[in-house]
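One structure coming up, written as structure tokens, with questions to follow.
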Amino acid sequence: MADKLQIALYWGAACGGCDVSVLDTNEFILDVAAVADIRLWPIAVDGKYKDLEAMEDGELDLAIFNGAVRNSENEHIAKLLRRKSKLMLAYGACAYMGGIPGLANLTTREKIFETAYLKNPSIEWGNGVVPQPESGINGKTIDLPRFYRRVYRLSSVVDVDYFLPGCPPQPDQVKGALLAVVKGELPPKGSVVGAFEHALCEDCPRTKNEKKIKQFYRPWQVACDPDTCLLEQGVLCAGVATRSGCGVRCPKSGIPCRGCYGPAAGVVDQGAKLASAIASIVDSKDPEEIEGILAGLPDFISFAYRYGVPASLLQRSYRQ
Amino acid sequence: MEEHKIGVYVCMCGTNIAKMVDCDDVVRTASEQPGVVCAKTYKYMCSNPGQEMIVADIKEQGLDRVVVAACSPRMHEPTFRKALQTAGINPYFLEMANIREQCSWVHDDRQVATEKARALTLGATRRVANHQPLERMSVEMCPDVLVIGGGVCGLTAALELADGGNRVHLVERASTLGGNVARVDLTAPYLDSARDLMTALVTRVEEHKKVDVLTRSQVSSLEGFVGNFVATVETIWGDSASVSQFKVGNVIVATGYKEFDASRVTHYGYGKLPNVITSFEFEKMLRAGRVQTKEGKLPQYVAIIHCVGSRSKEFHTYCSRVCCMTALKYAQEVKSAVPSCYVSDVYIDMHAFGKGHEDFYRRGSEAKTLFLMYGKNDHPVIRKAGPGDDCEMLIEVNEKLSGEVIEIPADLVILMVGMEAREDSEAVARLVNISRDKDGWFIESHPKLDPVATTTDGIYIAGACAAPKDIPDSVAQARAAAGRILARTIRGVIDIDAVFAEVTEDKCSGCRVCNELCPYSAITYDADKKKSSVISALCKACGACVAGCPSGAIAARHFTDAQIFAQIEGVLA
Amino acid sequence: MAIRVNPKLIDELAVYGAEDVQNCYHCGNCSAVCPFSKEPYIFPRRPMRNLQMGLEDKLKGSLEPWLCYYCGECTEECPRGAEPGETMMSLRRWLTAKYDFSGISRLFYRSGKIELLAVIGAALLTALGFVLWAVWQGGSIHSYDGPNAFLPAGSIHIFDWVLAGVLLVLLLTNCTRMWWFTMGRDKTLNASVGLYLKKLYALPLHFMTQKRYAKCEKKRPWAVHLVLMLSYLIMLVLIMFFLVEMSASTIDWRLHVFGYIATVGLLGTTIFALRGRIKKSEPLYAHSHETDWIFLILLIVVAFTGILQHILHRAGLDAAANVVYIIHLMGVVPMLALEVPFSKWSHLAYRPLGMYFSLVRAEAKRRASEEAAQPVMVTQRVVG
Amino acid sequence: MSFEPKIVGFLCNWCSYTGADLAGTSRIHYAPNVRIIRVMCTARIDPTFVLKALTDGADGVLICGCHPGDCHYSEGNYKMMRRYPLLKSILAEFGIEPARVRLEWVSASEGQRFADIVNDMTQRVRELGPSPVRTALVQDMAER
């Protein structure tokens, strides 16, 4: 048994898509099962936290953590897994950069509770119950995980060995990463695996020309030419500022890239870079006109930082 | 990041810095920085002893990075770079902190000034640790020149260059040289024959050993960069075409203009009324020595209408510059051909700015030319005259000087058609990588201070391809462009600054965002590799593409993200 | 309706002396310096423009030329040597020709030769006529006055009146034509008789004082012109009413003194004018049309012979006096008969008229515009 | 002692940096709060620099370049002009007061103008108080 790989999979603040993406490797998962013991995987196999706690430090070979860190439970398990595992893999956009849950950093915990528990039209009005870390019921106290003020990427909570981007990661890339571990062909610590260094455009089949933009369109506003770059046609596409590795799925099917694979290698802040590039090719020298053209990019921030607010330089909103 | 040995030198600049900044304190904080192995103050760092001190330290202590906190780098950066060079390390291992112009001279509180000086020095120290060795290089400059366009401008430029000893390839689309001037009879204001001017010029060019003339030809491609262009020219022989290719160092674009198409203006009835003709058609008449109506009668009334296609909202808003004097010339030529004829000159304004032009205008009115003025936003209308009238046509004008609505008798109407950019100007612009203004004229690198150069190094524009011009101005520009090129080719090489942008090929995704950003067209896109790259010889290091590259694939030498980040951290530390 | 331009008119006017008008490029300096140029009469610029464009009809109806006294400042200011002053002068000549129904004036202005011939012809006829008549009525060349005077003053007096009558008729017809061109035919202008009467004072006033001329910056031309004009007038009065007393052998100082003053005035000013024209001392003298010369020469001849015959008669040399008298008449008759209705002299009538009409016209226009500005009152009829 | 903001200034080499030097040579005194970083052209300024400065503790960021039309590289400053509104909108979304980041045109001859801008901006940022970024990030760490 000991010669088998010891693996744990866990989800933090996530949609579950990452877990599904592991299953999307189809039969391959059986080969994995053949060479590895899956010690913890809440979504697929039975296993309790206490089992995990019971393990020796470093007993696991690989911990695959998907999802962001939103509350004390996420953090607790992350730390636990880190302690018990030799390798820590941040799996998917959320673990890597904060992901969609990370968008919550643009608002406040209070606002979120308000929307979810007080002002939500689908809940019973007026009782105003908001989850409390601790609450007493007939003399006993129950505690809930603490809901943090903001979302964190995994690496700001624990030391991460590898990052596997994607929302969700592409099955082939997952296979690649797992095989690397199985074969023990490990890249240097801290590297992004299952993706390339360069940006998406290199693998995008659409033809590119010199870019000048006079007007921006939402994807539904125009019928885009299937063979030329979407950005040139005024449709905001994050591909230029996004690491390749997904297989260009979205642009190939006519949908602009949303940047789930994160910034290209060496880029510090994906959103800022995208803003810099997009604005630079606006075709005007007149301040008013420029404002007008850029007004065609409503809620730009949620696009530019869709998967990476907690991983960005500013990390969160500072609105009081 | 590998460890460095950094030396920090804080200049007192006599008392200029020292009196407002506690230099020793700056040295103290600097010396606490990682990598700083020596930190000193000195009275005048730029003085010989000052420099010698730095040189000595570099040699003895093996410093590999140097920070000088002193005056503005715009002042002494070259000085200290030289010092580093003499000490035998790369001159770009230097960074200056500007603690005089931007600190001691502008603040009056010694404590805060010192604090700021500390911050600036720290910024420089952090930055310099990220500096990389850079080498200036120089490429050889091919003395041969490509001149596009065989009009008066191209011919003049070609001769100027050829007389200077440079080989010139003169490419002309048409089958003969001479361009538009060759279509003109006399020239204003001195009324000497354009034909004589041109024949002299053309024969000299054709006989010149250093000029090879390619008529019926056009440039199909221009590759490379300043000093090292490769031009491909196609020549049509009847139905067969031959392709020639040659290397040139510089290019003069002298493609000239084309006259405005009068039939675009409806109210003059050009094309419908047989005796409404354009200025160039009239030139033809004059050259044939026969001023008469289509019916072969001598005209009793001739009317000349100015600004056809110029200075109007619907066509071109600019002034075509030569029409006024040409019109006056016609008035006089008509009078001398048909003395009994009455000439009306219908204009918006009379632009007689040039040498001898005002006198020419005066002569025109002395010859009893009837000058009539119409409004800029309104235009004369020509109609056929009735049987009772003693003339062919009647021109109705709202005459501004009298405030009357009048009609002018005319047997022959000459439309002064303006100049406009040739329809192939866009193709030419793309070919040689220069830009055009809203009217299609080529844009100069500076309208006043650099009128014949363009933003693409090695490409010059001269004559009426940049804006309407008369013969003297075109000739002047031709010689100016030729002069610029002679001055550059005489050295044989061109230096390229070590500071420019570089594309890291395997990081470039070929998105082509950067392509449009370069004002010098220094970025080329390789369609096969699907990668963009920077021609360092053309790059002027502004960094637009660097900031614009969404995948961080372009690096600005000496202004890398790492260096600037380090400096930010430094000044805020 | 657009007005037809006539590029040829400028050539026609050249004959009348406007040889440089084409040089004008309408900077407007001329109108700016002219003390008389103000709305609605802007000149010389406007007439010059109409002349360049050959708007003949507008010119024929214009009063501006008569408002100009040719002080010559415009000409001095003109940056292009377009001679505005001379152009106005030429326009006056051209207008005189237009006003004259007979066409004789046109002939004279277009060719000095013809006028000269006419003058000479008239002079000879006069001489012949008077000599024959003198002989027929049995006068003796040796007696100047008295029973068998060669040319009895009484009869000459009658002749004067007849001639004056004829001339007056001619002149008045031309004046009427002037009125028609400048005022009458203008439909847009409604000047009431009352208005005409109201402004009538202007006629004698300007005629006697040349008041406006005095406004010119240069005073000398005005003075000369005034003296000449008044002397001429006195002389006319004396001849028309006191001819007999004048030629009587006894000198009546109350009367003769005027004769002497007028004579001196005439001689002086004429000589001054001639000198000027020969030396071209003033812009106004710079360009002399043949008609100007003929007018002055006749004047001086008449003045001179007038004095001479007077002296000779007083000296008792009757025969000589009579001869000179004939010569005198040879000057007087053509001068009156030809100059008054057909040539330069006529401006004595046209200028004051022009000034008078200009006042009427301006006032009429002013009233019209005022009425236009008035709100229209609508009175409502109440139906009972 | 009242709060003294730290402001990072990105100045283009040809106009604004020279303008600042001119302020120096003409001894025009102004607030000491701006620490200048030289770039060749405002076109080189990546919004990342601004965010970087803010996260590293800058209370404000001043960007100065050639006046439109006067750029040494003919059109570089227009690129910054285009990035600026987008950068501002991003900052606004992150809840950072717009007055903390400012784009100004200063020519090589406008030493006085540069001084005035620095004084004015320093005053404004002083009124805004310290940037929330640094402190907030520290709090976040403490929260867990």
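Brief remarks follow.
Letters A, B, C and D name the chains as they come in the text, with residue numbers starting at 1 for each one.
The criterion applied here is as follows: a residue touches a chain if its C-beta (ideal position, glycine included) is under 8 Å from a C-beta of that chain, and two chains touch if they have at least 3 such contacts.
Keep in mind the model is a prediction, meaning the values are calculated, not measured.
Interface comparison, A-B versus B-C: the higher count of C-beta contacts falls to A-B. Chain centres were defined as the mean of their Cα atoms; on that basis the chain farthest from subunit C turns out to be A. Averaging C-alpha coordinates per chain places the centre of subunit C 86 Å away from that of subunit D. Taking the mean of the C-alpha atoms as each chain's centre, subunit A and subunit B sit 50 Å apart.
Separating the CA-averaged centres of subunit B and subunit C is a span of 70 Å. With each centre defined as the average position of its C-alpha atoms, the distance from subunit A to subunit D rounds to 33 Å.
Looking at subunit B, one finds that residues 517, 544, 547-548, 561, 565 touch two or more other chains. Among the residues of subunit D, those in touch with two or more other chains are 46, 48, 52, 75, 79, 83.
Pairwise, the chains that touch each other are A-B, A-D, B-C, B-D. Within the complex formed with subunit C, the residues of subunit B that make contact are 301, 342, 344, 350, 362, 365-372, 394, 396, 399, 401-402, 404-409. Only residues 1-5, 7-8, 10-11, 22-26, 46, 49-50, 52-53, 55, 80 of subunit C touch subunit B when the two sit together in their complex. Listing the residues of subunit B that touch subunit A in their complex gives 506-513, 515-517, 530, 544, 547-553, 561, 565. Contacts from subunit B toward subunit D in the complex involve residues 72-74, 98, 100-103, 105-109, 112-113, 115-116, 119-120, 123, 445, 455, 499, 517, 519-520, 540-544, 546-548, 556, 559, 561, 564-565, 567-569, 571-572.
Interface residues of subunit A facing subunit B in the complex, by the touch rule stated above, are 197-202, 208-212, 229, 231, 239-241, 244, 263-268, 273-274, 276-278, 280-281.
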